[in-house]
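Here come two complexes built around chain A, the first alongside chain B, the second alongside chain C.
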Partner chain A sequence: MTSPETKVRSLDDPSVFVDTPATIYDAIPPYPPRTEREAEFYTLREGEMLINIGPQHPSTHGVLRVVLKIDGERIVDLDPVLGYLHRGVEKICENSDWHMVISHCDPLEYIASMFSEYVPVLAAEKLLDVTVPRRAEYIRVLACELNRISSHALFMGWLALDLGGITPILYGFLERDEIVEMLAALTGQRLLFNYMRIGGVNGDLNHEFMSRLGDWMSHALRHIEDSMTLINSNEIFVGRTRGLGRIDRQTALRMCLSGPPLRATGIPYDVRRAHPYSVYPELEFEIPTREEGDSYARYLLHLDEIKQSIHIIDQVLHRLPDGPVMAKLPRLLRPRPGRAWAAIESPRGQYGVYAMSDGTDQPFRLRIHDPSFFNLQAVGLLTPGHLIADIMAIMASLDPIMGGVDK
Partner chain B sequence: MTIVSRPWQRLSPAGRVLLPLAAVAGGLGVVFLGGVSSGILPNLWSWVYEALNDNVPLLRFIVAATAVLLFTVPTAFVIIFLEMKVIALQNLRLGPNRQGPWGVLASTLHGFKVLAKEDFTPTGADVPVFTLAPVVVYLASVMSFLVIPFAPGLFAQDMNLALLYFFAVGGLGVVGLMMAGWSSFNKYSLLGALRAAAQIISYEIPLTLSVVGVILLAGTLSLNTIVHQQAGTFLDWYVFRQPLAFVIFFIAATAEGNRTPFDLTEADSEIVAGFATEYSGMRFGFFFFAEYVNVFILSALTVTLFLGGWNAPLDLTPVWQALGAHPGAIDLSGLGVGLLIAVLVVPPILTVLLALPFWMLFTRLRFWQALVIGFLCFNALAGAAVLIWAAFSFDAVMGLLWFLGKTYVFVVIFVWMRATLPRVRIDQLMGFAWKWLLPASLANLFVTALAILIIAQVRG
Partner chain C sequence: MAHVADVMRTLHDDPGLRFELLADLCGVDTGTAMEVVYHLWSAGTRDWLRVVATGLSREDPRAPSVTFLWRGAEWAEREAYDMFGIVFEGNRDLRRIYMPPDYRSFPLRKDFLLPDDASRSPGEGVRPMEAAPEPAVLAGTPADVRRAREASR
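And then the complex of A and B:
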């Protein structure tokens, strides 16, 4: 080991000293390996090279960085580098009161933020022992299922976009835009709704929302099925996704997968049925599963889930009771000291919050369990041995949202 | 310099254009008068005239090559605009609609934009190779243009080895792509270049083999002759005698032009922009242009080989004759070299002449605005003249129209595929070339050769 005087500052990170001045020819990372795994990964054998996918790359769905070790086109190994979107949401939540938690958690799953604001609300309600009015529960289900469809429609376009098809994403965005517009009429926001409240929702259904919803429901299923025929049985699309990134049930359970990646392996685990919350026990819907566990199965599963969601919305609209949309609650919330675990089925899987309260108006600890993080881990298991083009297909089919992964 | 610069600054912009022009004209007039009076100029003129007349084939080639080179730019603009608009319509978007009517100027403005952008060379790049690569790629595309017969008598060069030349020059493009990928000092570029090399070399084999059937039928490699042999009705087109070859050729041409679903070399969701990742400004513009010129060329070659080139689907000559038009009504070739000089001299003079009344009548118009109007008027007049001329000699113009019409159908098909299909994977791509296209093209070749032999035997 040489003394620090003979070392020079790394070009990549000035706080790190390296033996030789870093040049553009140096391998990444510019610092000496810190762990055995890093040493093994960054040692290149004959014919191998490292290539950096991300943090700014067209198909990493946010700011994920993956260092690939490739041999020609074939991926030998990969090293994910997380944290580019880390904002410390859990810690911020500890310093804000229970109402503020809603808007802090909102952008975590920014494609379907209705879910990421629902969970802390659910946890707080468990700690407060509030009974939410039934109309509010139905409105929550309605908003969540709409958001699930908008997220799934976008997913299917994304998968096609990562495989090189440029049209399906715009068809997906058409549906998403209609839903987002109607949710904007309901909540006032297009992306980060900030609609859920502890004890209910922010506002009752209004006329614009209902008329937009009615318009959309009249053609929703037909439009989605129509636009997805573009890729459903496309020979190239099927050839690239069928049998790709196959997970078996044991591995899926071991990797803590949830949501569509888990159900695509044939395990009908859906929090809406397994650990029912809200008014889901009263609603009639199926949990679609597939047996194959590959990218194509995950893709088809999303289409099935859209159909089930439309079915749920139909029932909600028929059963929607009258009444208030907010429970009577004091302005300053001081939940009992204790712990609560709340989980819901987000479009990406089981979205949970483990909240600890110490009796003050702020959560003592708020641990967010984001399904994207667990689903994303499967990339490391699935991609080695495949080609570079396949990592995009696998990653897109697992559908991670980096806002939730990095928190 | 004050004595010059002060009056110069007092001049209006129009004067700053006109005064130097007047000075140049005066100088030229003095030279002309001196030359004529001393007898040098008539001698020089006759020498130039004779030299041009002696070397008409060379002159024709230079003019044709220049015209082809200039033709590529509007072609690329048109195809880029077409692609933006057609894909937008398929995506249920509006597409470009602000730059000019229907956004027709969008691609032209894109061209100006890339011209104005910074021309960036990355650290560690191999500068000479990096600079040359776009030129090689673009020239390889443009050189392929030389042998394409646009209409009867309208071609840059009639080679008897035109097809061979086409594939040889088209193969040069991959050298440029490799140069770009290697010299960029970027791993994405390198991957893209290696993909390009593997893909284009693999697909060149079925591409060439599928054409061999046509060559056997036509008995020549000259594209002009091949087109002439497809004259008659549309049933004489080679697509009906070589349907399999047509399909193979079109698929392989898609791969050759790096178009979706075979656009792996610039797969934006995998390797960012492939070989063009590190390019910016007009260097990137050259790659961009070359791609669209390639689309046009491959469509044109498909049309030439399989769809009768500039032949009309049905013989329409009786219809034209009934309308009073017949080929060769006006023969401009009698003007000889004078035609070339007229083409050089007439446009600027007419532009200025047409601009003058606008300038004088409308005081608010700046001189350059009047010039633009004059230029547009001249173009309208020229277009009308060309149309009138075309009405009397349908042969070339109708041929060109048929050719361009058929070619743009294929261009739209290329665009259509881009909007519809996802991208294949590299192993599927190579497997498809070697396992399916190559055996199919060999089988096609075998069957064609056998059929020709049998027919020759039967006919004795």
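And then the complex of A and C:
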């Protein structure tokens, strides 16, 4: 291939020359397609065109880039491009000791980081055969359910915001801010808590947290229900979400969905019941499900889950036992060689960690299974046939967090 | 290795087993061989099951794709390909998913060493990257990277 003065090597594939270096905005790669699917996607038929969304677009909730193939206003197909937030957390974890893993996993699901730091801790505890003090288990459940409510409240506001309603997100943030301040009083951090420890939690409940929690609990349910009446029966909102992005049970299982998108199709799969961890077997709560499987059902399901979480917090506060919050463990942890799978139910679905230990103080392999990664994949199945504006409503209802998707 | 697909199909379809939920799919590099690890959950028996496909060669790891059962495994397999170089036969979209298309190493392999301060001891300094056909440019603006690449050709 000749190399004229005006041409430069492509950043994507250095073996080809292009007029300008490849940028993230190039919809069509300058190289020949690498897979069957890519060839099919980048072959345009009469009347079709490619359009690029992202990677910086407010409604992608992070840095997701989507290449859309459209025919007029209708989406024919789409190709999500990931990796803009890839930090290689799994590799970093393999090179840090077990305690450091907690803070590395923290920013994965940054809206609900209590969950993303809980799973590696759970996996390490399985490998170490630690018995966590009961008070610590209850505090973990308390902190997680609070974080779930804050995440769900934000989700509901976000969904409305993506559909053009500015008001609901202010109410969503109102609830979330109270919880975030509460957790800041407990953990010292507003978002990336770094609160879970292998064998317990970092610090007991304190007075400020308890008084804030008491204040909030006295009005939480009423506030959330009040603010959600804004959108629950709003004609525009319902008109734009009902019947949108419908998915049936079999497809949901085949797409490996979990969390609200799966339960909105009627499958009561919740890790808290399917594979109980912590003290969830002792607590009473239901697993809300919906049958419709569309965006509106996913939205309503979040509201039901907030109610269940408040119910759980109520029980935890009544049953909270006394005792220590940390198990006695050596500073340097060397779990037995072996493999452990730990999963929890995060606000977005099943969050799992598959940990392998070789007997040293570092994990040999730490696989992080993020529900957003699997749920986001369904976008490619749900959007074709819909309008461009609806892709936001569908994507927001799947609630992906790019920190977890890209790891 | 074709029997992995048969095992998965039986686990998925057998009315007494019904492991219909693929909880996770990941690659593992044990240092001597590659593995693909599947975690399944059954709504019927409410059990977890871990299936480990062991002994894939490190030079040319190949495993059958399970996308014919779970379409959602497509991205997980792309991730395992991106990180370990495991080729899933039957996956029709086996591209890199996180790393750029022109990236040549497989970062989660055990012989890929971290070059920065996240490596085991801070005093150890910079470790060599996996041998790549071109010099690894570790820092700099995209223009620096491009210039270094052009210089190496």
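By our rule, the second predicted complex is superposed on the first by the 382 of 407 C-alpha atoms of A that agree within 3 Å, B and C clash if a C-alpha of one lies under 4 Å from a C-alpha of the other, contacts with A are read in each partner's own complex, and residues count from 1 in each chain.
We take it that contacts are C-beta pairs under 8 Å (C-beta built on N, C-alpha and C of every residue); 3 or more make two chains touch, one makes a residue touch a chain.
Note that the structure is a prediction, hence the values are computed from the model and not measured.
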Quiz item: Which term applies to chain B and chain C once both are placed on chain A by superposition, clash or fit?
Solution: fit
Quiz item: Where does A:34 make contact in the superposed view: on chain B (first), on chain C (second), on both, or on neither?
Solution: second
Quiz prompt | Residue contacts on chain A - larger count, chain B or chain C | solution = C
Quiz prompt | Partner chain in contact with A:356 - chain B first, chain C second, else both or neither | solution = second
Quiz item: In the superposed arrangement, which partner chain does A:162 touch: chain B (first), chain C (second), both, or neither?
Solution: first
Practice problem: Could you tell me if A:388 is touching chain B, chain C, both of them or neither one (first, second, both, neither)? | Solution: first
Practice problem: Once the structures are superposed on A, label A:17 by its partner contacts, choosing first (chain B), second (chain C), both or neither. | Solution: neither
Practice problem: Based on the superposed arrangement, let me know which partner A:110 touches: chain B (first), chain C (second), both, or neither? | Solution: neither
Quiz item: With the two structures laid over each other on chain A, which partner does A:367 touch: chain B (first), chain C (second), both, or neither?
Solution: second
Practice problem: Between chain B and chain C, report the minimum C-alpha distance in the superposition, expressed in whole angstrom. | Solution: 21
Quiz item: In the superposed arrangement, what residues of chain A touch both chain B and chain C?
Solution: none
Practice problem: Could you pull out which chain A residues touch chain C in their complex? | Solution: 8-9, 11-14, 21, 29, 31, 34-38, 82-83, 86, 88, 90-92, 94-96, 253-258, 267, 269, 274-275, 339, 341, 343, 350, 352, 354, 356, 362, 365, 367, 369, 373-374, 377-378, 381, 406-407
Quiz item: In their shared complex, at which residues does chain A touch chain B?
Solution: 24-25, 49, 51-52, 57-59, 73, 160-167, 170-171, 174, 230-231, 234, 236-237, 239-240, 387-390, 392
Quiz item: What part of chain C is in contact with chain A in the complex they form?
Solution: 20-24, 26, 28-29, 37, 39, 41, 43, 46, 48, 50, 69-76, 79, 83, 92-102, 107-108, 112, 114, 118-120, 142, 145-146, 149-150, 153
Exercise. Going by the contact rule at the top, pick out the chain B residues touching chain A in the complex.
Key: 87, 90-93, 123-124, 185, 187-188, 191, 195, 260-261, 263-264, 267-272, 418-428
